[in-house]
Each structure stands twice: as structure tokens, then as C-alpha cells.
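Look at the two complexes coming up: chain A is in both, with chain B in one and chain C in the other.
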Partner chain A sequence: MTLLIQRLLDGLFNGSIYAALAVAIAISHRATGRVNLAQGEIGLFGGYLALAMASPAASFVAGAALFSNLPGHPFHLWISTLLAVIVAAVLAVALQRALMRDFDESTPQRALNRSIALLICVSAVISSQWGTRGRIFGELFPSGSNDFVSVFGARLRYTTIGAWVVVIIACGLVTLFLSKTKAGLSFRALTDNRASSVLVGIQPKKLMAIGWGISGALAALAASLAASMSLLDSSLMFRTLIYSLAAVTLGGFDSLRGAVIGGIIVAQAQTLIPGYLGLPTEMSIVAALIVLITVLVFRPWGLFGQRPVERV
Partner chain B sequence: MSNQVLSCENVTASYGAIQALHGVNLEVNEGEIVVVLGANGAGKTTTLRAICNMVATEGTVMLNGRDISKADTADIVNAGVAHVPQGRGTFAALTVLENLEVGAYTRTDDEVQSDIEMWFEKYPVLGERRTQAAGSLSGGEQQMLAVARAAMSRPTMMLLDEPSLGLAPLIIEDLFQTFAQLNKEQGTSMLLVEQNANLALEIADRGYLLETGEITGSGSAEELRNDPAVQAAYLGA
Partner chain C sequence: MFPIVVERGSSKHRTHMMILMAIVLVILIAVAFILPEYQVGRVNRMWAMAIAIMGLNLVLGYGGLFALGHSAFIGLGAFVTAWLVQDLRFDYWMVIPFSMAASFAFGSLLALPALRIKGLYLVVITIAVAVVFPSLAKIETFGIAEKTGGANGRIIDEKVIPTGLGKALGFTETEPARYRYFLIVAMVLVVTFAVRNLLNSRAGRAIIAIRDNETGAAVSGVNLVRQKVFTFGTSAAMCGLSGTILALDKGFVAEQDFLFPLAVEMLVGLVIGGVATLGGAFIGAFVIVFVKEFSKNVNIDFGLFVLDGKGPFSALIFGVILVIVTFFMPRGIVGSLKPTFMQRVYRIDPKAPPLPENLTRLS
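Let's turn to the complex of A and B:
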């Protein structure tokens, strides 16, 4: 029993990362009608920026001297993470405007190709700039051996709680934007009916860039959280992307709540299925795929997505 | 001569290799309701889509003296055109209230809320269901919502694509009353495309006949009503 609870709690941390990236994928999908496969890499770039700004040797990169009189004085890890999240958002907007803006509804294949090309480019930039070996990112939350609360004899680590608090705040902000602002309303209108939104004067190109910006920020947050738990390495977000794609497919591409719940389910499947079947942890990706295929067979529009209506 | 709000000069439109309009000429003057009568497939929808630059077009479309043939659709809406598309085009997942709010997307004045209340008074069903998803409304209610949403932008020119399609006669009458009222009270010019000639000619000032992508006739509402060819084709006489 304790073992089961422990496995569930362990899965919860990864769940927060997958949820954050899954929401990022869902938001940019809602804006553009396309999956951005470079989503994880854009976030990873943000993660490296955060580390660079927090490291003494590289702090000049971010102009830390502006905020501090000491040359080479690093930012606190939290501040550099927040700055990196903002930079990633701006970068994502710039990439969208530069590379994706000329796509209309009739060119899905080209948009997909270009997001794959972008994934490869960003990945190459990261590898050449920071190398491929893992780097210690630092702790965003206390993660010593005693930093946990006990839940029925199992350990719920502060890191897990902290990661969820951050992800919930971030998703809460996105939800507020969508439900309380004029831009958010037009964003939902665009998702609902692209043809009609143009007819009320909405400019899809603007919202597509905003969508990419929000997802760039979320992806950078996901990368920083993931890195703070393990190491920052060049393949970190590629693995995460696969699980998060499974999560959005599960939750439905247009549902933010679905993306979060999908993230939790995939993470639990990833720890529980290999754990109970006695598979090596490297096989956990198979577990995610099993869940994914099962859902695709029975509910191809996802657990929370809108079932497409056949109009007559 | 009265002020011209909208004109199409020799407008052609095509879907890929298929040409749907072969040089359409029409005009709408300030405060007029103009109807375009045409059978299924005549090119009524395409004409309205061409005005909003939603289909590949050639020729000249003028709005209040400005050439909008090459302008973006969103830009044209900003310039005062509201388009109620065939099949309503409401935002099914948004609430009734949100549909009206988003209809005022181009507006920056502070009378949006009072306009919304005005529509809820005019159509109490919409008011009662303000927090419900538009997709849950009946066909007639959705058409009312579509018209109200279009009017929320305070357009100078309204394009109405077969608003009577699939609605019960009483509801159609109510709807056409609204058009006449909007036209009278707010001076909104209207281009109405219809197969239902009876009611359309009742509220219209003038009309055109559209057949296979070409204008084949025109006249005052009175003239068209008395035209034997129109009676045979559209009035079931």
C-alpha cells in the first residue's frame, strides 16, 4: 500500500512537467491549429538561459551588471528562471512571426515540416552553445533528504509540491487571460470558429503570435522545473515532449484541463506500469504509448476534447 | 443622387479553376436595403465572400469611396462591414453574452454593454440564455444571435446571407422586422441575398437577379414583384 502511494507521489512530479508542456502545446495548437514540435526545444533554450544568468561566469550575458554593481554577480536562480521565461516568450513570438506567419489553413504539411526544422535548429544551437553533457541546474525548492511531508508513510517531496504550485499558478494566469481579457475572448473565439472570428475583425496572425508566446513561457518553465529535479541536458525536453504529446492527445488538443489531467495520467502510467510489470525504467516510454494508443482507439478526440460534430 | 456605400464593379471570383462569378456589378446606396435573388448555386454566397475578400477575386469593390478589393477581411470589417454568413457562424462554445461581446471586437467606445442590453430586450430569449453556450440554442435563436452579433460592431453596411434558410415562417418574419428596424433606426445599409423573395422584397428598396454568376436583371422592389419572370422563379406564382 505504501509502495503504491509512493509510486503515485513520485509520478506526480513528472506529471507537473508534462502538464506544463502539454498546456503549452495545447495553447499554441488552439492559436494556430497546428502542433509545434519545437515547443520543448524552445523551452529548453529558456532553461539554459536561466542557468546562464544564474551562473557567475556567464551572468554578463543577461546584463546582470545593470541590476548589480558587482561585475559577474549572478542572479538568484528564481529571478533568472523568471527572466528566462520572459525571454523564451519573446523568442517564441519572434520565431512565430519570422517563420510561421505566412501559413494559412491550407498548408498543414508545410507548417509541420517547418516546426520540425525549427526543432532541429534550436537543438543544434543549444548543443553548440552549451554542449551535450548534463549540467547541474540548482534547486528551485528545498530538496534535501528530509524535505518531504509524510502521506500515509510515503514521502511527498517539497519539490513535487513546489512544482505543482508553480504549474497551477501558471495555468491559472493563462486561464485568467483567456476568461477575463478581450484578447483572451478573441483567442477563444478563434479556436471555436476561425472563419467567423475573421468576420468580427479578429486578426488571427496576432493571436497566433500571442499563442506561441504563452507556450514559449510555459515550456521554459517546464524545462527549468525538470532541470532542477535532474540535470539540464540537451535531450531533456525531447523526452518530455514525447510524454507531453501523449498527454495532450489524451486530454484533447483544445482543452487545458484535459492537458493537465493527461499529464498526470501519462506520468502515473510511466511509473506504475513498469513498476508493476517489472519492466526496466527505460521501458516507461512504452507504458506512455500503451495509454496513448488505448485512448486513440476508444476516444480519438481525447478524454476532454470536443467530439467533432458531423454537420449535414 | 444619394451616397454610394458599396459597389462591385465587374467582380469575378473563382474557387481554384472553377469560376463562380463572371463580372458582377451592383451597388448599395446609403440607407438602402438591397436584395440579391438567386437560386441555389447562383453565386449569392460567393458574391458576399468576394466583397469581404474571402475568396480569390478580381474587379473593384468600393466601400464609402475606398477601394477594398485587396484589403484584409479583418480590415474590411474594421471599415464598417458586418457579414452574417450562411449557416449563422455563431461561436458555439462561447456563451450568448460572449458572442455579443466578441461581435463588438472592433469597438473602443463605452456603449458596448448598453448595446448588449438593448439586444437582450429586443430578443428576451437571448437575455434569458446569456450564460449558455450558443451551440445549445435553436436554429432560429442562433440566427437572431448571429444578426445581433453582427449589429454589435455598429456596421454601416450589413451583408446577410440567406438568413431565412431553414427557419419557421413566424421566426423569419420576426427576423426581417429586425432588419427593417435596424435599417430605419440606425441607418444601416443592407445587402441581403435570398431565395425567399416574398419577405425580402417587402423590406427591400431595390433588387438584383443573379443567375450562374451573372446579374441578369434589376429594379425597384415594386418592379421585381410585378415582373412575371421573377414571379415564376421566386414567388411561386
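Let's turn to the complex of A and C:
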């Protein structure tokens, strides 16, 4: 029983990261109607920027020297993470304006192709700039051997609690934006009915950029959280992207609540299935895939998505 | 002078086609003898990629199913080859039907969720398959890791070298790549004509009909389940053949060669050449292999930013090419140029239908 609780709690940490990236994917999907496969890499770029800002100028981290003229450098890890989140948001907006602006309903393949191009480009820039080996990111939350809360004999680590608090605050802010602001209202209108909302004067171009900005910020947050738990390496966010795509697919692509719940489900499947079946850890992605296919075969529109109705 | 206008199926059209085929054959043979041995090896890799891209094209271009998992099928073909040749001591040519069958089965299996899962969801699942496959090749259960070589890879020591007839035709063992070139080109020609004929057949029309309107195709009597499974399976089988060629040509298989970037490379090649065109696969494969070879020797230092040829550079170039192509040439090289060529330079007019008997010709 303790083992089960321990595994569930261990899965929760990954769940928070998958949830954050899944929400990011869902937001940009709501804004543009296209899935952005480069989401994870944009976030990873933010993660490396945070590392560069938090490292002293003389360190081996490329780009650290860039920030050495700023007052107070090297920054505290939290400050540099927040700065990196902002920079990632700006970067995402810039990329959206530069590459994804000629949105066209009739060419879903072209948009996907371009996001794949963005994925491999950003990934190439990151791995040529910062190398492929893992780097120590630092601790965002106390993660010593005694930093845990005991839950029925199992350890709930502070990092897990902290990650969830951050993710919940971030998602809360996004929800507030969507429900309380005018831009959020037009954002929801755009998701609901693109053609009609354009007719009543909503500018999809602006909202698409906002959507990408929010998702870039969330992705950078996810990358920083993931890196603080393990190491920052160039394939970190691609792995996370696969799980998060599974999560957002489970949730039904447009639903934020679905994305968070999907993240938890995928993370639990990833820990529980290989754990109880005695499979090697590499197989955890297979577990996620099995859950994904099973859900999609029975509910092809995801757990919380809307069933698509096609007019012939 | 231009355009040259011919009537489809006329003797002039047929003569032109024969001349074209003869020229292509001469070029194909000439390439093997003009290029040095080590370059021929690269061309072999290009042919293998072309077969794989044609396979991807069947699903993505003609089938309209955005699948990104085809690196797994290539990998399966390569691993089956390594297993059969190394453990069961098959001759290399006997491997081909087995690796194709294995990939066909795997592809058909993947088609089963594709029957219900569409669009974005299919993209996600196929990417996951491409990512999962290399780690599946490493697991210890069922002795899979022994058969595939696991993380270290596996050497195939059965070399494809000229024997009997090959020797009689003058190929030497010191230049095996040149010998293999002819075997591979023969396979490429067979596959190309098979795909061309498939697309002109009932099954091919059904594939395209499903892409254009699934409900409409079903109403017109296309069996969706059978057709999708068949499309996926055939496409996977072609990738399996490509995997066999790659494995035998290199003499080595390793799971690192079949990671997700391979699937991206195939997509890039397909998009550059032209989605849903037959000739695009060759141009795409050429660009991919050329860029990879070219970028191996690159080392640019921008001071702040260093690019070396270890892999990031070719990925960067592929990404930039993909962006440029999607912006300025969305239908790819063949897809954009062929219509103009067929209009301005060489026009094939359809055969005029015979006039009904009771009508007299006007004018």
C-alpha cells in the first residue's frame, strides 16, 4: 500500500510538468487551430536561458557572458526563471509572427510541416549552442533528503508540491485571463467559431500571437521545473513533448482542464504500468502510448474534447 | 518549337516515352561508372531513402493520413534483416520478402487505430511509435536486444559481394558498392513501376478517393477498413525494403539510426520533392543525402554561436529548407514545376473520343 502511494506521489511530479506543457499545447491549439510540435523546444530554449542568466559569466554555460553586464548578475534562479519565461513568451510571439502567420484553414499539413521545421531548427540551435550533455540546473525548491511530507508512510517531496503550486498558479492566471479580460473573451469566441468571430471584428492575428506567447511562457516554465528535478539536457523537452502530446490528446486538445488531468493520467501510467509489470524504465513511454491508443480508440475526440461533427 | 504536343497513347507519345526511359537507363548505368566507389555507396543510400519516401508518400501524400512514424518501419526492416542474416543464416536476397512482410504486418497493425483516429491524433500516435521503436529494440525480454544488437548495434558480416553471374559480368569484390548499385537500382525501378501502376489501379484510385472525401468514398463502395490497412501496410513494406537495403549496404544496424529524426528527414525529403508526386521522392532523397554529406565537414564559428557538422547543422538546414519550401513552393519541386512543364514544354493531350456515327464532322 505504501509502495502504491509512493508510486502515485512520484508520478505526480512528472504529472505537473506534463500538465504545464499540455496546457501550453492546448492554448496554442485553441489560438491557431494547429498543434505546435515545437512547443517543447521553445520552452527548452527558455530553460537554457534561465540557466545562462543564473550562471556566473566565467562558467562554461554559453550565453552566460551575454548577461554579465546586467546589474545583479548572476541572478537568483527564481528571478532568472521568471525572466526566461518572459523571454520565451516574446520569442514565441516573434516566431508566430514570422513563421506561422499565413494561417490557412485549407492547409493543415503545411502548418504541421512548419512546426516540425521549427522543432528541428530550435533543437539544432540549442544542441549546437549548449551541447547535448546534461547540465545541473539548480534547485527551485528544497530537494534535500529530508525535504518531504509523510503521507501514509510515503514521501511527498517538496519539489512535487512546489511544482504543482507553480503550475496551478500559472494555469489559474491563464484561466483568469480567459474568463475576465476582453482579450480572453474574444479568445474563447475565436475557439468557438472562427468564422463568426472574425465577422464581429475579432482579430485572429493578434490572438494567435497572444496564444503563442502564453504557451511559450508555460513551456519555459515546464522546462525549468523539469530541469530543476533532473538535469537540463537537449532532449529533455522532446521526451516531455511526447508525454504531453499524449496528455493533451487524452484531454481533447482544446480543454485546459482536460490537459491537466491528461497530464496526471499519463504520468501515473508512466510510473505505475512499468513498475507493476516489472518492465524496464525505457518502456514507460510504451505505457503512455498504450493508454493513449486505448482511450483514442474508444473516444477518438479525447476525454474532455468535443465530438467533431462533420457536414457532408 | 515548344510546347511539343502529343496525343496520349499515340505512337508518337509511346516513342517519346521509350526514348525517355532509354535516356534514364543510360544515365543510371553511367552514374555507377562515372562516380568513384565511395560516392556510389552514398548514391545507394539515396536510392534506399527514395524507396522509403515513396512509401511515406503513399500514406501521407496519396492517402492524406499524416503519419510520422515511418522510421520505425525502416528500423524493423533493418533489424529483421540483421536477425535473419546473422542468426538464421539467410542469403541476403531471401531476406527481402520476410522484412517486407514483417513491416507490412507492423504497418497494418498501426493502421487499425488509424481507422478511427484521424488528423492530429494520428500525428501524435505515429510520432509516439517512432519514438518508442528504438527503445523497444533495446529491451532484454524475448532476446530482442540480442537479435537487434541492443544499444551497441550489430554487425552483419554477410557481405553483398558479386558471385557467379555478377563476377561473370565483370564486377569485382573490391568494388562491392558498384555491384550493389545495380541490384538496388533494379529494385528501385521495380518499386517505382509498382507504385505507379498501383496508383493507376482500382486500389490506388480508392486510396486517393479516401483522401479527398472519406464519406464519399465509402458511399461509392470503397471498403475503408481494407483500403486503409492495405495502404499503411504497403507503405510500411516499402520502408521495410528500404531498411533491408540500408542494413545490407552499411553492414551494420543500430537503433540510433532509426530515431525520430529519420522520420523527420523522410518528411523533409517528401515535402521538398513534392507531396503526392512520384518523382518527388527521388529529388527529396537526393537533397537529404547531399545535405547530410555536405554538412559533415562544416564548422562555422559565429563567435557566440558555433555550428559543427555533427548533426545539429544538417537538422538546421533541413528545418530552413522545410520553412522555405512551405512558404514559397508548397507543392514541392516536382509538384510546382511539373504542371508548368507539362503546359509549356511537353503537352499530352487526351485522346479525342470517337464521334458518334450519325454525326458528321463539322467544318
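One rule holds for everything that comes next: the second predicted complex is superposed on the first by the 292 of 312 C-alpha atoms of A that agree within 3 Å, B and C clash if a C-alpha of one lies under 4 Å from a C-alpha of the other, contacts with A are read in each partner's own complex, and residues count from 1 in each chain.
Definition applied: a residue touches a chain if its C-beta (ideal position, glycine included) is under 8 Å from a C-beta of that chain, and two chains touch if they have at least 3 such contacts.
Quantities reported herein were computed from a predicted structural model and do not represent experimental measurements.
In the superposition on chain A, no contact is made by A:94 with either chain B or chain C. Counting residues of chain A touched by each partner, chain B versus chain C, the larger count belongs to C. Of the two partner chains placed by superposition, only chain B is touched by A:195; chain C is not. Shared-chain residue A:86: touches no atom of chain B or chain C.
By the touch criterion defined above, A:5 lies against neither chain B nor chain C after alignment on the C-alpha atoms of chain A. Looking at the shared chain after the overlay, A:203 reaches chain B, while chain C stays out of its contact range.
Common to the chain B and chain C contact sets on chain A is no residue at all. Interface residues of chain A facing chain B in the complex, by the touch rule stated above, are 182, 185-186, 188-189, 191-193, 195-203, 306. Remark: chain B residues 52, 54, 72-74, 77-78, 82-83, 85, 89-94, 98, 101-103, 105-106, 149, 153 touch chain A in the complex. Interface of chain A with chain C (complex): residues 35, 37, 62-63, 66, 99, 102, 107-110, 112-114, 116-121, 123-125, 127-129, 238, 242, 245-246, 249, 253, 279-280, 282-283, 285-286, 288-289, 292-293, 296-297, 300, 310, 312. Across the interface of their complex, chain A is touched by residues 60, 66, 68, 113, 116-121, 123-125, 127-129, 131-132, 135-136, 138-140, 213, 215-216, 260-261, 264, 267-268, 271, 275, 304-308, 311-313, 315-316, 318-320, 322-323, 326-327, 330 of chain C.
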